[in-house]
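Before I ask anything, here is the structure I am working with.
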């Protein structure tokens, strides 16, 4: 699929910042990457493939994302681990109206405060995003996690 | 090495689809990424560095890839795991005739149906590919696996 | 942040070669990626966030990098493991004078000679680099490792 170079760059930068904002515990910045009318979901691959409705996390507008982050800030007095996202290259799929649709594989590692790192989850982001001038915003992010053992009360977003 | 932007994009997209096609169990689509006269090999790094001829998998034309995928479809009644490839950036090396030569590091994770993910293999793709207009095709892929413990009867390609 | 396409490409290629040079044990090539007046540091994230001065490795000019690699060549008769870096996309932050500042997440795996691969470290590169014509050089690299259990006598660079 043909994608203008500046769109490709803006969306690659958007996803790089997506991972880095979570990893640096800048969750408020992460929320600001989303469009006001947005959708963020975490599902397991097994559920997607079996058509089951099991959704680990679902926020269907930006205020829900804000609430989620705010409650996280109040419940957790300190961050018990570091996250680290490694994203693969973006694969562009189609354009739906004004939105660019792409996916990208991710691996997510967590490091305990004692310093040991381990694999936490692998999977795929399915994304719809808008690019207006220099500004790119996420309209829809579905995290399809291969790993099925993720606690449903996810502390931080994936 | 100077590589035209549209070639770089086409080959990045090709490798993104390479990983995603395997990970989504679209192995027939994966075969279609190859040129009719192609070569696909899986070797271990130890063997490469010691000049040993041990090759874990070798298909030296596209029909062999087709056969391999077809027999996989008949032997396995279901897919006992999910694959997930995370690829690093492409490193362009040279142009050999019409073919662009590059490599890229990969990490490959597998997730059991019970939901646990683990590291399966890391290594490097050495690739020769052709770009004609909008179409990019793989002429030669050598998977050089750092991990040496891969069973020689690989169920799915790497 | 707006970054010219050729700068983006040159720096992506530089980082791809950074990882590949270490992984292929071409440490002398790795040193040549640096500017003569350079700075290379490995620190842990915990130390950065607590403002502690603990630095696992520090070379503040290119000759120190050369010495480090040379002594490594003499001390170690053989390489007891293979490294494999998987880098995420570059995230551009700012331009400081002539230097482009960006960061990138990394995962680093090690494979024992017996063939088993395991996660060694995850973290982030903070980089300042110069691009002059076709040549890109590293001015400053700080490896901020999430993983805190890295021995301070690092055998090879990260």
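For reference, chains read A, B and C in written order, and residue numbers begin at 1 within each chain.
Definition applied: a residue touches a chain if its C-beta (ideal position, glycine included) is under 8 Å from a C-beta of that chain, and two chains touch if they have at least 3 such contacts.
In this text the structure is predicted, and so the values were computed from the model without any measurement.
For the two copies, chain A and chain C, the CA superposition rotation is 120 degrees, given to the nearest 5. Interface of chain A with chain B: the two copies contact each other largely through different residue positions, with under half of all numbers used appearing on both sides.
Chain geometry summary: the mean Cα position of chain A and that of chain B are 26 Å apart.
Across the assembly, chain B contributes 5, 86-87, 89, 107, 119 as residues in contact with two or more other chains. Taken in their complex, chain B has these residues touching chain A: 5, 9, 12-13, 15-17, 19-20, 23, 82, 84-87, 89, 107, 109, 111, 113-119, 134. Those residues of chain B that touch chain C in the complex are listed here as 1-3, 5, 8, 44-46, 86-92, 103-107, 119, 121-124, 146-149.
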